[in-house]
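Take a look at the structures listed below.
Look for chain A in each of the two complexes below; its partner is chain B in the first and chain C in the second.
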Partner chain A sequence: MASKRKYKGIDQLSKRDKIVVSLMVIVPTLLVLWLVWFPAVGTVLLSFTNWDGIGPLSGIKPVGLQNYIDIATIYPPFWPAIQHNLIWLAVLFFIATPLGILFAVLVDRGVSGTRFYQTSIYLPVVLSLALIGFIWQLIYSRDQGLLNAITGGTTDWYGDPDVNLWAVLVAASWRHAGYIMLLYLAGLKGVDPSLREAAKIDGASETTTFFRVILPVMRPINIIVIVVTFIESLRAFDIVWVINKGRNGLELISALVTQNVVGEASRIGFGSALATIMLLISSVLVVIYLRIAMKED
Partner chain B sequence: MSVTSNRADEGQQRLIKPHEGGARSGKRWLLPLALTIISLIWLFPLLLALVNSFRDYAFTAQNGYMSWGGFTLDNYKNAWSQGDFGLHFWNSLIITVPAVLLTLFLSACVAFVVARFSWTFNIALLGFFLAANLLPPQALLIPVYRMFRAIELPFWFSESGTLLNSFQGLILVNVAFQTGFCAFVLSNYMKALPKELYESAVIDGASVTRQFFQITLPLCRPALAALAVLQTTWIYNEFFWATVLLQQGDKYPVTSSINNLRGQFFTDNNLVAAGSVIIAVPTLVIFFVLQRHFVAGLTLGATKG
Partner chain C sequence: MTRPSSEAEYLARMVPPSVRGVDRRTLLRGALGVGALIGAGTLASCGSSSDSGAGVPTGAVSGTVTVGSNQSDAVPKAAVQSYMDAFAKANPGTTVKINTVDHNSFQENINNYLQGSPDDVFTWFAGYRMQFFAEKGLVGDISDVWKNMPGMGDAMKKASTGADGKQYFVPITNYPWAVFYRKSLFADKGYEVPKTLDDLKTLGAKMQKDGIAPIAFGDKDGWPAMGTFDQLNLRINGYDFHVSLMAGKEAWTDPKVKKVFDTWAGILPLHQPDSLGRTWQEAAQSLQQKKSGMYVLGSFLAQQFAKGAEQDDLDFFAFPEIDSTIGTDAVEAPIDGYMMSARPKNEAAAKKLLQYISQPEAQLLALKADPSVIATNSNADTSGYTALQKKSAEFVKSAKSITQFMDRDTRPDFASTVMIPAIQEFIKNPSDIDGLTTKIEAQKKSIFGS
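Moving on to the complex of A and B:
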C-alpha cells in the first residue's frame, strides 16, 4: 500500500506517478513541438529550396540563397515592407511606448478618479487590432469620416499610400500606449516607497527622482516593455490585413508572408525566406526576453 | 497566500493613498485636468462609434457627424442580420471555450511539474514553451498550413475532411501558442506555494494526480481565473490563424468575420459602427465585469508575483 511506503522526501514517485508526470510534460511538449518548433525549422529549411507548393516534397531542390537574393532584388514590395516595419517600430518605440510610460507615471500619482483614468486609457487593449482598424474607419473614411468632415479635406486616409501608414499607426499607438501603461503601472506599484521618501528627503525634484531613482530600479520591466514593443512591431498584421491585406502603402513583412501562402500565386520559397527573416529577428528578442523573465531561476 | 489578491489589495491601497510628494498645492488641479483630457481623447473613438451606431444613416449623411439627433436601433438590427452574427458568435464560442480550457489544463500540467519537482531541465522546458509564445505566427504559417492540408480526418470528426478548415485544427494552434505564457505564469505562481503541502500529501500516500487536482489546482484558482479571462479575450480576438486556417466565411469566428462585414457595409459607416460595437461587446463585458482578473493576468506575466 502506498501509505505504508517509507517516506523518502517529496520527490519520491511510484511507478504510476512516473507515468502521470511524464504524460503531463510530454503531451504539451509534443503539441508545441508539432505546431510551433517543427514549423519554425520547416520554414527555415524551405527557404533554401525551390518548392512551388504543388509538387511532392520529394521533388524539392535546394537552391541555396536564391530566394533571399530574389526577394532583395526582384520583389518590389520587400524593401517598402522593411521600411514600414521599421517606421512602425520607431513610432511605437519613440512615441507610443514613452506615452504609455508617461500615462503610467501620471496615473500612479494617485489623484482621485484614478480608476476612471486608468480604465479609459487601457480600454482599447481589450479590443483586437482588427476591430480597431474598423472603428477608426469612422474617423478616417474619405466620404463620411470625422477627420475630413472637420478639416473639409478629401483625403482617403486608409487608401492614400502617402498617408495610410501614419493613419494606421495612430490607431495602433492608441492601443499600444494603453498596453504599456498597464505593464508599467504594475512595475511602478512594485517600487519600494521608501526609495521615493529617501529621494524626497535628499531634496530631489520629482523629475530627478523618476529618472535617477525609479527608472533604474525598474530595469527589468523597462527591458520587458522594450522587447514587447519590438515584438509587437514585428508581429503587426491584423490591422493592415483588415484594411487592404497589406498592399498599397501598408506592406508589412507579416502580410507579405501571408500573401505568398494564401494568395492565388503561392510562392513557398519566397514566403519562407521572408518568414525566416522574421524568425531571425524575433529569435534575438526572444533570447533577451527569456533572460529577463527567467533570471530568478 | 494568494499573490493575485495581495497584489490587487496593494493596488487599492495605493489608489487611496496619494503620493506624499505629489501635486504641489498651487498646481493641484493640473494633474487631474491633464488626465481627464487624456482619458477623453482615449475614449473618443469608442464613444464616436457608440453614438453613431445608434444614429440613422440618412440623418448623419445629411447633417454630418458633428450634429445631434436621428437616433434609431435599426443599425443593430441590420448589422446583426447582414453580418450573420448569430452564426459567428456561435463559432467564436466553440473555438474559444475548448481552446481556453485546454490551454489552462495543459499549461497547469507543465507548470506543476516544473514547480513541484526540481529537475535540471526545468528551465529549459519553460523556455521552450515561453519562446514558442513569442514567435511571430506568420513565420510558421507555411508548414502549419501545408501540414493541416495534408492531414486527413474522418468526416464524422471534421466536415472538411482535413485539419485545414476545421475548428479542431484552429483550437490546437491556439493552444500550442498560448500554453507557453500560461505555463510561465502558473509555474511562478506554483513555486510560491509552500513545499510542506506536498510533504504531508506524500506521507499520506496521495498520488501525483491527487496532489495536482486536490492541492495545487485549488490553490491556483486566482491565477487560473486571471489567465482564463485574459486567454478568453485573446483567443476571441485572435485574427490571423482563424483567417488563414478557416477559409470558408461561414466558419469564421466573430473577429475574422470583420472582413466579410467590411465589403457589405462599406458605404454605411453607422452600420460599421453598430457592427463594431456588437463585436466589442463580449470583450467589453469581460473587461468591465472581470477587470481585476484581466489586469492581474496581464501583469502577472510581466512582473513576477
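Moving on to the complex of A and C:
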C-alpha cells in the first residue's frame, strides 16, 4: 500500500499547488529577465548604434563597430581608465583587504574598547557619499585643506594627475577596509573556539594558529572577501564622481559610462559600448567565481 | 549579510552643492534676470516675421498651468514662487502648479522629461540645446507670444529663435562673463585696467612682482576654463568663427584654433597654478582675499563676496583686445528662461504665462533672489540695481554680438565628453597643441558626423 504514496511527478500536485509552483517559478524568472537580461542585452545591442536617447527606437541607426573603434583609437580617457581600474584593484587587493582582515582579527581578539574600534572602522562604510566627499575635500583641498595646512605644503592633492589617484585610493581604502573588517569579523565569530583551544594545546603560536587553522576554516568567507574586492574595484565610481566626475587623472570605466550616458550628453550608443566592455571584464570574474563556487559543492 | 556599501552608489547629483562645488548653473540658472539690455534701442518692432496660429489670448485665461522648475535652491525657488503667484493673482481663475526638481537631475533627465509628459512650461537656457529640442519637435512654437513682448530687444529675439526662424524660448535673466577685479586692490597698487593683451601681460608681471597671482583660476569642475577659451577665441577669431566652430563647421586643427591655444599658453603662467584641483569658489575667494588680482568668470562670482561694501568693491572689464580688427564687442552672456512643451495641456494659460515672464514685473521679482544677474527686458526698472548690476546691464547692452557659453553653444555631448577633458589636458600640458587639436578634431568628426 505504501507504493500509493510514491511521488508520481507533477501530476500528483493539487491544482492549487501547481499554480503556486508556477507562480514561484515564473515571477522570479520574469523579474530576472526584465531587470537583468533585458537591460544587459539592450546595452550590448545599443552599443552598435549611435542613438542619442531621443526619438522612437525605429530612428536608431546602426553604426557597426564604430563606437568600439572610436573608444580604442580616438577617445583619450579610455586607456587611462583601464589602467586606473587595474591600479585600483591592486591597491584594494594587496593593501586595503589585508588591512581589513587585520582589523577584524585584532577586534576579534578582544582588545579593550573593541566596540569603539569596530564602530569607528566601520563608520566610513555607513557615511553617505555626500559626507565622504565633503570630509576628503576638507582634508585634500590645495588652498584650504587640512593636509597642506599641517605640512605647509602646496601639493595639489586632487588636481595633480600624478597624485590624485593615490590620494583617492587612500580614501577608498579607508572605506573598503571597514567593509572587509565587518565581513571577516562575522566569519571569525563563527569559528568554533575548540579549534583554537586544540591548536593552543598542541603548542601552536598565535600566528601559526591563524594561518594554519583559522584561515583554512574560513575558506568560504575568504572567497567572498576576494570576490567583493574584485567587484568593488570594478565598480569603483562614487568617490571619483564626487571629486571631479572622473576626469583629469581619475578616469575609471564606470565614470566614463556615466559621463556619456547619464545627463545631457546622452551618447547612449557610445556609452553602451563602454558599458559592454565593462560587462565583458566583469563576466570573466563571474565565471571564475562560479567555477570556484561550483567546485565547492 | 547586507551590503551597506551598495547604498553608496549615488550619483553626484545627490551631493549637496556645498560639497560638490556649486556650479554656476545651480545657482543661477534660471533664474533671474533682467535684462535686456541688449539692443534695447533698436528693437522689438522688427519681430513680425513669425507666422503662427492661435495667438496669445488677450482676454482671461483659466485652469491650471504646470511649470517644471530646476530652481531647487531655497532662494531662487522662492523667487519663482513669487512671480508665479503674481501671475495667478493677475489672472483670477488660473492656478500655477510648480514642480521643482533638483537642479542637476532636471538637467540630466531633460531628454526623458521632454519625451514623457512634461509640464506646460519649463525652465531652460538659450543656445544650441534649445534649438536642438525645437528641431526635434520636443518644444512648442511660441512665435505668436513674441508678437507682444514690449521691451525684448532683437538680440533677445535672436537668442530665442530656432533654426527654422520661429521662436521657442522666453528669456528671463542673464549675466555677463568678463574679467573681474577689486577696485581697492587696483587703487592701492596703482594698477590700471588693461586694454590689450600686452597690457594684460605687463600688468600680470607687475602683480607677480607684488606677490599676487595675476589671474585666479580653478577648473576642478571642468567647465570654468571653457569661459577662458571662449573669450580668447572671440577676441582672436571673432564672433562668426566662434559660432561656426561651436556648430562643428570648422576644423579644430585650423591654425586659427591653434592660435587660441598658443595665446592661452602664453598667458597660462599668469594663471594660478594647480588649477585642476581648485573649484571656482576657491579661486573666487582668492580674489576676494586679494591673493589674486583678476578673474575671468561670470558675474555669479559676486556670490563669493559679502553683500554691501565688499560687493561694491567688485568691478570688471571686458577681456582685453587681442586683434584690433576684431575688437572687444562680442560678449558672453548666458540667458536663462522658459520654454513651452510641444503639447501643453493648457496652451492659452501657458502662453500668457510666458508673455508675463518676459515683462519687467516678473523679471524684477526674479532678480531679488540673485542680485548677480540682470533682467532681459529693456523696460525693466534698473533703479534698484547694485553698481555691479548696472555695469553688467550697460556692458551687455553695448555688445554687438552675444554668445551663451561653450556648453550651451555647442552639442552638450561634445562639450562634456570631449572639450572638458581636452581643456584640462591642455592646462596640464600646454606645449602639445598639435596633438591636442588633432585629438579634438577626430572626436568632433565622430560626434558631429553621427
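The definition used in the following text is that the second predicted complex is superposed on the first by the 225 of 297 C-alpha atoms of A that agree within 3 Å, B and C clash if a C-alpha of one lies under 4 Å from a C-alpha of the other, contacts with A are read in each partner's own complex, and residues count from 1 in each chain.
One rule holds in what follows: contacts are C-beta pairs under 8 Å (C-beta built on N, C-alpha and C of every residue); 3 or more make two chains touch, one makes a residue touch a chain.
What you see is a predicted model, and the numbers here were worked out from it, not measured in a lab.
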Exercise. For A:161, decide between first (touching chain B), second (touching chain C), both and neither.
Key: second
Quiz prompt | Partner chain(s) touched by A:107 [first = chain B, second = chain C, both, neither] | solution = first
Exercise. State whether A:137 touches chain B only (first), chain C only (second), both chains, or neither.
Key: both
Practice problem: Classify the contacts of A:211 with the two partner chains as first (chain B alone), second (chain C alone), both, or neither. | Solution: neither
Quiz prompt | chain B versus chain C as contact partner of A:94, first or second or both or neither | solution = neither
Exercise. Scan A:262 for contacts with chain B and chain C and give back first, second, both or neither.
Key: both
Self-check item: Which superposed partner A:186 touches (first chain B, second chain C, both, neither)
Solution: both
Self-check item: Which partner, chain B or chain C, touches more chain A residues
Solution: B
Quiz item: So, does A:70 touch the first partner chain B, the second partner chain C, both, or neither?
Solution: second
Practice problem: Please work out whether A:241 is in contact with chain B alone, chain C alone, both, or neither, and reply first, second, both or neither. | Solution: both
Exercise. Overlap the chain B and chain C contact sets on chain A and report the shared residues.
Key: 53, 125-126, 128-131, 134, 137, 141, 144, 182-183, 186, 235, 237-238, 241-242, 258, 262
Quiz item: Considering the complex alone, what residue numbers of chain C touch chain A?
Solution: 1, 4-5, 8-12, 14-16, 18-20, 107-108, 110-112, 115, 129, 136, 138, 220-222, 273-278, 282, 285-286, 412-413, 416-417, 420-422, 424-425, 428, 439, 442-443, 446-447, 450
Self-check item: Contact footprint of chain B on chain A as seen in their complex
Solution: 1-5, 7, 9-14, 16-17, 20-21, 24-25, 27-29, 31-32, 34-40, 42-43, 46, 53, 103, 106-117, 119-121, 123-131, 134-139, 141, 144-146, 149-150, 171, 174, 178, 182-183, 185-187, 189-190, 196-197, 200, 206, 209, 220-221, 224, 228, 231, 234-235, 237-238, 241-242, 253-255, 257-258, 261-262, 268, 271-272, 275-276, 278-279, 282, 285-286, 289-290, 293-294, 296-297
Quiz item: What residues on chain A touch chain C, complex-wise?
Solution: 50, 52-55, 61, 63, 66, 70, 73-77, 125-126, 128-134, 137, 140-144, 154, 156-161, 164, 175, 179, 182-183, 186, 232, 235, 237-238, 241-242, 244-245, 247-248, 258-260, 262-267, 269-270
Quiz item: Which bits of chain B are touching chain A when the two form their complex?
Solution: 7, 10-11, 14-23, 31-32, 34-36, 38-40, 42-43, 45-46, 48-49, 52, 60-61, 64-66, 106-107, 109-110, 112-113, 116-118, 122-123, 125-132, 134-147, 172-173, 175-177, 179-180, 183-184, 195, 198-199, 202-205, 207-209, 212, 233, 236-240, 243-244, 255-256, 258-259, 261-262, 269, 272-273, 275-276, 279-280, 283-284, 286-287, 291, 294-295, 298-299, 302-304
